[in-house]
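Should a chain be cited, it is by its letter among A, B, C, D and E, assigned in written order, with residues numbered from 1 in that chain.
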Amino acid sequence: MDAFISGLSEAIELLISFDPYVMNIISVSMMVSGIALLIAAIIGIPLGAFLGLTNFPGKHLVVALLYTGMGFPPVVIGLFVFILFSNVGPFGSLEWLYTTRAMIVAQSVISFPLVAGFTMTAVMGVNQNLLLQLKALGATRRQILWATVKEARLGVLVSVIAGFGAIISEVGAVMMVGGNIAGKTRVLTTAIVLETRQGNFGLAMSFGLILLTITFIVNFIMLHFQKRKLIGRD
Amino acid sequence: SEDETSVLTMATTTSTEDSGLLDELLPIFGDETGYEVDVITVGTGQALEIGRSGDADILLVHAKELEKEFVNDGYGTERFPVMYNDFVILGPTEDPAKVSEANDLDEAMSLIYQIGKEGDSTFSSRGDKSGTHVKETTLWEEFQLDIEGKEWYDSLGQGMGDTLIAANEMRAYSISDRGTFLSMEDSIENLQIVFEDDDMLTNPYGIIPVNPDTHENVNYEAANELVEFFVRDDIQQKISEFGIEEYGQPLFFPNTD
Amino acid sequence: MTDKVIYNLQNISKTYSDKTVLDIDSLTIRKGEILGLVGPSGAGKSTLLRILNFIEHTDSGEVHFLGKVYNKDSLPDLHTRRKVTTVFQRPYLMTSSVYQNIIYPLKIRKQNYDSQRVEKIINKLGLTQLKNQRADKLSGGEAQRVSLARALIFNPEVILLDEPTSNLDPANVKIIEDMIADYRNEFNATVVMVTHNVFQAKRLATKVSLLYKGKIVEINDKDEFFTNPKHKVTKQFLSGDLVY
Amino acid sequence: MDAFISGLSEAIELLISFDPYVMNIISVSMMVSGIALLIAAIIGIPLGAFLGLTNFPGKHLVVALLYTGMGFPPVVIGLFVFILFSNVGPFGSLEWLYTTRAMIVAQSVISFPLVAGFTMTAVMGVNQNLLLQLKALGATRRQILWATVKEARLGVLVSVIAGFGAIISEVGAVMMVGGNIAGKTRVLTTAIVLETRQGNFGLAMSFGLILLTITFIVNFIMLHFQKRKLIGRD
Amino acid sequence: MTDKVIYNLQNISKTYSDKTVLDIDSLTIRKGEILGLVGPSGAGKSTLLRILNFIEHTDSGEVHFLGKVYNKDSLPDLHTRRKVTTVFQRPYLMTSSVYQNIIYPLKIRKQNYDSQRVEKIINKLGLTQLKNQRADKLSGGEAQRVSLARALIFNPEVILLDEPTSNLDPANVKIIEDMIADYRNEFNATVVMVTHNVFQAKRLATKVSLLYKGKIVEINDKDEFFTNPKHKVTKQFLSGDLVY
């Protein structure tokens, strides 16, 4: 249990001292996960909403595939991205491997099915009369999509939260394609693994706590906009 | 921002990185030459694979046979010996197999084998085809002990640090490089060295620049400078002193192979 | 009243999992008509409106609309579809304010609009006090009025009404009936109105049609329909004896 | 690209040859994730539904915490469970560390917030009139909970799918508390990491493909029961 | 008619975000009464029913129910609450079959039930054909009838009806009115019925009350209410001149 206590005090110390090493790790984490999430959301939300609203033969299969994407092992995605961007891979000439760019690519791929899948579920849960109503009012496909996403906003928001949670806490893929290079591609999770491996459980815990604090604050801010909806069951 | 040629990517194994040696030496190299070294820490096999695909400029690993093959296949220019440390056999503090009383390595390994067979202890192997694992496998073979499929033989498939943590928890026997053991000694209180100092237990580290003829993108110039840096007398001196302050003994020895 | 044909339905049918709920040989609706659609519960009235609004596919048959033909594989383009709208039996209001709900059709048409006219409609329907309230918390009758305002706001050529006053008190019923009649007169709009209230049909409709088990049993000018029904089923319905 | 092709053919070969090493890995994976998911669902679904239906002061905070749990780094949970079950930890005497039991504990903790969080979201998305209707019909709290879960069943199912996806693909925690012992606690993801570390990218890919195939089949079967709902937007 | 008091409300008020929608000084409902509740849209009728069914808290005041007192912090126990039910203005049917929806109240009471009686109710309401259909796809009037069946099935002592025939045709209206009257006579049940249809109130109610802006303006025996209204607002309402 000591590890928790010492981890906690170490975490607080690290944070208030603005240790540049720690600050760099935090900022790389936020930057990589933030951009990746943005990419995943920009593609995933419209696509998920579209799938939620449309029927076509084989939809069942597409849905199962999308949900399977949620269980796509991040390490496999990491490996995949690694091979793509490796020197001998098709995109080797970009020299993105062991940079934050490759990490962003991997994390976008990881979070995308989560965002799209949960958005789809949320949209499917919206009252079916909305669709008829929107059509009757003369909305275009795009306007229907947007209005439905707005109605399902809590679910869509949670899809983004889930995507964020998955990538900010992910370690295998970023380790593989980022290389955990100190000062460049080291993020909170890879730092946790590094410290754990070296037996520094206290420091590992403190990085974990920092990570959780960040996630909590981000969630809290995101949910704030949904406060009314959240407690609106009156 | 930064010039591409000023960055050197080195792939190495966890045991090297975790010892902290690189953190001490690489900044000196950086100050002297202006090169920045990106260290990628992976398994031995993965390090060699990264070298084969040209994703690293230089490798620092400890699997002599594999390294030679790497050079022979044209992926590396040459293997330069840098340093060595040694392996130690670890066991639980109560040492149920009485390995610490063994007279030679053969007897030590046999005692571990015996206690495992009796079901009174286990052995934690890295099981990841790393330098350490390859060495351990050679030893069982050398003394004609067949560990294939044995219930007491746990093949972990993990890095050195993780393997030691597991052995510590399971009160198992294991083999480790001295550096990793010393650096983790404080957090693995159930483990102690039960056998050491045998010629067969040396662990040589080599450094290999990736062949620019195979991968033209590699930073061969910088790689060569790093090789020269590592074999330089003052740096070899630093290697031999590294760890004394903290552990009372050196973790690595300068090497002329 | 002009003679211009707005709708002409030919051999329309609609089936939900083996149950044919609509099976219309022929139906013509002309510009400026107010067609009262009556019939017992489950007759297919709401289904017919969905088809007239092109928000549901038919299974077979043709819908002629403003001179073009559509069938189960083809729907009008957006521009044409935007000439029709429906006030549903159970209106769906979005979780924004009442005002936002009402101007939604204008917003999605990116139309410059006369905000005075918006205010006038809101006022007439007694929604002024509720303008900034959340629309999904309204009472039954309030929701119905918002839904009507939202339909009238963008001057559709055809308005389909599915029991638009079912949740309203007599005074409100009168206001809404007047608005519908005025709207139709001002824009020469076409109205199809489902109602269970025979009196309402009498007051408002120009033509009345009885839908029964998915079929149009009788369609006639209002007066003829009520005073001189031709079909046995119509007689039963009017006397209150028609049960499914 | 070669790695993909060889990975695919290797995967097929491994599967049809019923290689006992591979079969064991698959069965350990399924067993651990299956039991963990069951535990998470039994606690998470009722709790999530309860939170979705109830208002209380500070609910906002609890919700943010729950969503943060979705982003709880598995390695930190692993570390946590490790410390609990280690020799010096409070449950050390159980000797669960480096057995499938510790893995099940860790995975239950990882999947629990996902199941509970998405169930909560799904339940909050159900038409608010349902609650009034159920009360008016005389349903008890428990009956209300159950009826609401039934109405939100697609969302609840997806919460389970998400939980399954998260743990079947997770590697950090199972590695840490299970130890990746061949024939005992080695699962598909830890096998992937092991092969990757050894540079056997093809074999790693093939394990990845096996994992995805399993996830897909499981999802497909689960979704099958929801087929009507899924394509029911007519 | 017995004199037993079922409900007695004292100084009840209910406010939604600063808007007081209900403010009742006193209201007594006796066993066997059919109280018709009329009033303009938004008057607070549905809100009052929610309070009578104990599914919404009051903000202040007391509800005496079957001799016990409840206020904003206390609700009756399950056993007591199960004596009351509501047929809502917009009934919510669960996504199971019509039959499952109807017997739901019996199932959750773990009550042995007379399946013949179930069939009889289903039959009377013309739902026999729909028994195995999915309930969430029903037409407006069908849903309303299912909702009524679901309420009558478990013999509640008090039935609250929120415009139970608003989506129904004349023949169905008659059937349902008869069923309500019969049910009340057979079980000496108490009924509160919100209706916009003054004729319906005349046909069915024993007492009528006008709710206006959250207040009970007048409550009286049916005949008195219609033939001899006391209050100015009541007079306006009955003549169709009362708008909000």
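Here, a residue touches a chain if its C-beta (ideal position, glycine included) is under 8 Å from a C-beta of that chain, and two chains touch if they have at least 3 such contacts.
Nothing here was measured: the structure is a model prediction, and the numbers come from that model.
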Which chains contact both subunit D and subunit E?
none
What is the graph distance from subunit C to subunit D, where chains are linked when they touch?
2
Among the chains, which is located farthest from subunit D on the basis of C-alpha centroids?
C
Where the CA atoms of subunit A average out and where those of subunit B average out, how many Å apart are those spots?
35
How far is the middle of subunit A from the middle of subunit D, if each middle is the mean of its Cα atoms, in Å?
17
How many angstrom lie between the CA centroids of subunit B and subunit E, rounded to a whole number?
81
Please report how many Å separate the Cα centroid of subunit A from that of subunit E, as a whole number.
49
At least two partner chains per residue is the criterion; list those residues in subunit E.
90
In subunit A, which residues are in touch with two or more of the other chains?
89, 127, 201, 229
For subunit B, what residues touch not just one other chain but two or more?
159, 162
Touching pairs of chains, which are they?
A-B, A-C, A-D, B-D, C-E, D-E
Okay, in this complex, where on subunit D does subunit A touch?
1, 3-4, 53, 55, 59-60, 63-65, 67-68, 70-76, 79, 83, 89-90, 114, 117-118, 121-122, 124-128, 131, 152, 154-155, 158, 161-162, 164-166, 168-172, 176, 188-189, 192-193, 196, 201, 204-205, 208, 211-212, 215-216, 219-220, 223, 227, 229-231, 233-234
Name, in rising order, each residue of subunit C that touches subunit E in their complex.
16, 38-42, 45-46, 89-90, 126, 129-130, 137, 139-142, 144-145, 162-163, 166-175, 196, 198, 237, 240-244
If you look only at subunit A, which of its residues touch subunit C in the complex?
127, 129-130, 132-133, 135-140, 143, 147, 150-151, 229
What does subunit A use to touch subunit B in their complex?
86-89, 92, 95, 97-98, 179-182, 184, 197-199, 201
In their shared complex, subunit D is touched by residues of subunit E numbered 50, 53-56, 78, 81-82, 84-86, 88, 90-92, 94-96, 104-105, 108-109, 150-151, 154
